[in-house]
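Take a look at the structures listed below.
Look at the two complexes coming up: chain A is in both, with chain B in one and chain C in the other.
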Partner chain A sequence: MDVRSQISMVFHLDKCIGCHTCSVACKNIWTDRKGAEYMWWNNVETKPGTGYPGKWEDQEIYKGGWKKDGDKIYLKGAGRPKSLTNIFHNPHLPKIDDYYEPFTYKYLDLIESPAGDDQPTARPISMITGEPMDIKMGPNWDDDLSGSPDYARNDPNLTKLSPAEQEAMFQLERMAFFYLPRICNHCLNPACVAACPSQAIYKRGEDGVVLINQNVCRAWRMCVTACPYKKTYYNWNTGKSEKCILCYPRIESGHAPACMHSCVGRIRYLGVLLYDADQIESVASSDEESLVDQQMNMILDPFDPEVIAAAKANGVADSTIDAAQYSPTYKFVKTWGLALPLHPEFRTLPMLFYVPPLLPVMASVRDVSNEAQQEKLNPIAKQWPDNWLYDTSTEEIFGTIDQARFPLEYMANLFSAGDTSKVKERIMKLMAVRIYRRHKTVGDISEEKSNEALSTAGLTPELADAIYYLTSLPKFDDRFVIPAAHREQAIEMMEFTGDVKGNTGFGFKDKSAERGS
Partner chain B sequence: MTSRRRSRAGDLKETLKGGDARILNCLTPHGKWHIHSTYMENHRMLTLSRGCEPVWMSEVDAAELEIKDNDWVEVYNDHGVYCARASVSARIPKGVCIVYHVPERTVGIPKSQVRGGKRAGGHNSFTRIHLKPNYLAGGYGQFSYHFNYWGPIAPNRDTHVIVKRMDKVVF
Partner chain C sequence: MNTLNTFLFVVFPYVAGIVFVVGVTYRYRRTAFTVSSLSSQFLEGDKLFWGSVPFHIGLLAVFFGHLLAFLLPQATLAWNSVPVRLIILEVSAFVFGLSLLFGLLSLLWRRLTNPRVRVVTSRMDIAIELLLLAQVVLGCWVALGFRWGSSWFAADLTPYLWSLLALSPETDAVFALPLVIRLHIAGAFLILFMVPFTRLAHFVVAPLHYLFRPYQVVIWNWDRKAVRNPKEPWSKARPKNN
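The block that comes next holds the complex of A and B.
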């Protein structure tokens, strides 16, 4: 057992309101620079949708992540041997138009236009060329189902659904969508690290943050192809690749990363997980069906004396072990079994977990006579002419999950490599907590029924209370449990981050591309 | 003109003289991430939307009007015109279009082709202030107008317009 510590994240999707405060916070701090205009280390997508860069999940196009071949796994598109053949041209690299051409406006025209009989307007211009441009793509282009025919309907996760199921998802007033905020997953088996021919990318020992050394990066861009989440970006100005640094200068001084600190929906949790690094290879190369379970298994119990002893022997600080015991992410991921990794089938073992959203699957649609609708719903509620019941109640325990208007298969394609039972298990828990709270607060559900819901979902009233607290009422210190940094481990702390602001915090010079400096 | 259309045409009397057209109900929902009318033109927020405040319309209407997603369109009636790009969405019901409150003509608004090549306005150029009968009650000075539109509240955010694909984009 090789126990290591990882700062991990949980995003509770039911709480995300799609406000993009996280994206703006990140942009303002880290990527408001020349060459980085198009980068959104944190971005928020509407699902169903094609996201940013367009169709990033489709590895037929981008060849990101790992593929299993026999007992072993190989990088899909950007392994070191392959990079020799693709050394001068890598056909799978996303192009600027796959992200978007960053734009601003010619504001000066508003005050400097010659007198005329019409008011001037500030035209869109490219931030790269300065020329007037047509805006055709943006980092949140398919926001709230905008452009549904071109974007939402082409979501790569829909391909496994039948045409009828797909069509049902886009029926007005029965449709649902949700937001998917994304940052680098700071994976345990990072494809970006494995793909780098210069060994510029590394995973920090003390907290597992994945970083690109700006002095070592040689602009191969293999990481851009290799990361299946498209979370490394190439800076055309500095000639180096960059990525989310999990705001490590903030973490080292005890602050939550800016995206998490600013999150309006308070959907984000941060905490330590202890894991067994000996298992990385076997877990990452296990069968698709067991990927999620195996990944859960390699996360260790921070209260287990054996784990603690092994952690100490490995030099994990006592304060980190303490933090692991209070970790909100450990609770969501392991104790309560509520969270899942995004696209585990990419095999990078992401350390960002998502609590799948309950709300889009709450309402069900199914064949029921109009009278039954009438009976079930408030008489003034809208009646559908086609015998479909639009049911958002929790009256029948778990009754709506299987006929959810948002097919579980879709959620499973996102969060469990297609295995609906994993998503269903978690959705049932979320629903059981809701039924339990309705029993407690509204009182129109009997204790018996509430207990039945809890026990079917594998919960107890105590667990439900704890889940409810950490979901709805947590304080800052409950959401972010950050271990004290140790100077001896993190020499970067000696640097005043203000001095290197605008340099992504780890010291590259803002000059034109410099090879081998 | 059917009676149903006539009833909608209060804002379209002159406009419809030009010929038959498809009339949509145009609504102004609360801005998604503006603070009322403010900050819509913030560079970050424009980047995180579509570089403008688009006109959202349903897939059905867009298909009938031969408008594709991101096409430039003109939204107009007797009161004025707004030029923007179309966002074709399954989220919008047939017969309705929306423009979020509140774009300004200072950022990226082209000249209107249906209104003599003049710069088009913001989304309020095609609205007018309607008084509802219940506004006549009271006596609280609710008809006094002040700077930045302090006056009767805004049922004018619900009007009828014609949406047409723009022939030529001129800035």
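The block that comes next holds the complex of A and C.
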């Protein structure tokens, strides 16, 4: 057992309001630079939708991630033979237009144009060439299902759904969507690291953050191809690849990453997971059906004395083990079994987990006769002439799951490599907690029924309370349990303090100044 | 004329060699960030294919061809002693030269005409491309006009180059060569001289070590066990990451 610690994330999708505050916080801190304008280390997508870059999930196009062949896994579009033979021209590199051409407006024209008969306008100009351009695409062009015929309909996750199911999803009356915020997953089996010919990308042993050393990156761009989530970006101005750094300077000093700190919906949780690094290869190459379970298995119980002893022997700090025991992500992922990784079939073992959204599932829209509808509605409710019923009733406890407006297959394609039972299990838990809370607060559901819901979903009232608390009422310190990076050691992540010990003042940056001649 | 010759074929090769070694080492150690060739495939990819691939393949073949005649002159001459083999060698070398020429021209054309690529083009990029172009044109001219290059290179130039390396230049053979060939030789030294100042420097960091390393890379800032061992002298657990 090789116990390592990993800073992991949970995004609770029911709570995301799609405000993009996270994206803007990240952009302001890290990517507001020439060559990085088009990069959104954090982006929020509307699902169904094609996302950013367009159709990134379709690995027939982008050739990202690992594929299993026999017992072994191989990088799909990179790796030793391909990275070196394609080094002069990488056929699978996405182009700037797959993301969007960054633009701004000539605002100065508004105040500096000479007086004339017409109002001056601010024309859009490309931030690459500086020339006027027609804006064809932006980073979240398909926000809130806009442009559905071009975007939502081409969502790669729809391909496994039958045409009838797809049709049903896009009927106006049944239309539903949710937001999917994405950052780098800081994977355990990162394809970006494996694909880098220069060995510029590495995973930090202490906390598992995946970083690109800008001094070693040589612009081969294989990581851009290899990351199935398209979360490494090529800076066309510096000729280096860049990616989410999980705000490591903030984490080292005990602050939450900017996207998480600023999250308006408070959907984000961050905490330590202990895992067994010996299992990485075998888990990543396990069968598709068992990928999720295996990944959950390699996450270790931080209360198990054996795990604690192995962690200590491996140099994991006590404070980190402590943080692992309080970790909100451990609760969501393991204790409660509520969260799932995004696209586990890419086999990078992502360490960002999602609590699948319940809202598009909670209610069903049914085609019932108008009379039946009237019976259900309160007499003072507005009466609609059509035959659709938006049903949020809880008569049949989990009845709406299977008739959900959002087919479970779709969720399963996103979060469990197509296995609906895993998604259903989580959704049932979420629903049971709601039923329980409704029993508690509204009181129109009997205790019996609430208990039945809980036990069917495998929960107890205590667990439901805990889930409810961490979902709805958590304080800042509950959401972000960041192990102390040990200030005395944190500084040594940047430089070795021993070098300046015994020097004048704070010492010299330059070695040549050791002796004043 | 002789002073110029002496400068070009005795002094300059040493200057170029020293500038190359010192310059590349200095650039690598001080600003490793800049040691690469700024890729523009992200901005324009299709035309690049028809430039970069024939250019690099042609260049590698031609370069290793020259290198072979330099390292194994006897073998080259022996191979060339059968006319068919000589023709095969010369024709294939020339085809690679043409591929190099074609690639270079399409790269230059793309660089000058594509507005996005223009943005990431420096004056030095153009200068070095023109220099390479001149060198390739001269090279093709030499191959066509002064047959058979592979043989006289091995017989005349290899001794000269080795004598340079042995620090006792023997220049008679070079001085006697036609102007075109001498220009081609001087061009080679000029290119060597320019490497540290241009994007050409990326060839010294060709990522061959990728073949030998494990796929996953994990770096600990400290030796995580030693750092917590009170018996270990603390300066030993030095962070490895900088």
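Here are a few things to note about the model shown:
The definition used in the following text is that the second predicted complex is superposed on the first by the 468 of 517 C-alpha atoms of A that agree within 3 Å, B and C clash if a C-alpha of one lies under 4 Å from a C-alpha of the other, contacts with A are read in each partner's own complex, and residues count from 1 in each chain.
Basically, contacts are C-beta pairs under 8 Å (C-beta built on N, C-alpha and C of every residue); 3 or more make two chains touch, one makes a residue touch a chain.
Values in this document were obtained by computation on a predicted structure and should not be read as measured data.
Taken together through their common chain A, the two structures put chain B and chain C side by side without a clash. When the two complexes are superposed, the chain touching more residues of chain A, out of chain B and chain C, is C. Of the two partner chains, chain B is the only one that A:Lys27 touches; chain C does not reach it. When the two structures are aligned on the shared chain, A:Glu131 is found in touch with chain C, with no touch to chain B.
In the superposition on chain A, A:Arg221 contacts chain C only, with no contact to chain B.
Legend: residue contacts after superposition of the two complexes on their common chain; A:Asp118 is shown touching chain B, with no touch to chain C. When both complexes are overlaid on chain A, the residue A:Phe103 reaches chain B alone and has no touch with chain C.
Contacts of A:Asp150 after superposition: chain B is touched, whereas chain C is not reached. Distance between chain B and chain C in the overlay is 19 Å (nearest C-alpha pair, rounded to whole angstrom). Looking at the complex, you find that chain C touches chain A at residues 32-33, 35-45, 48-49, 52-53, 55-57, 115-116, 118-120, 202, 205, 207, 209-211, 213, 215-222, 224-225, 227-228, 234-235, 238-239, 241-242.
Interface residues of chain A, counted against chain C in their complex, comprise 79-80, 83-84, 87-91, 93-96, 128-131, 189-190, 193-194, 196-199, 201-206, 214-221, 224, 234, 236-240, 280, 313-317, 489, 492-496, 498.
Of all the residues in chain A, the ones that touch chain B in their complex are 19-20, 23-24, 27-28, 102-105, 110, 118-124, 132, 135-136, 138-141, 143-150, 152, 170, 172-173, 175, 177. Per the touch definition, chain B reaches chain A in the complex via residues 32-33, 43-44, 46-52, 54, 56, 58-59, 69-70, 85, 87-93, 105-111, 118-119, 171.
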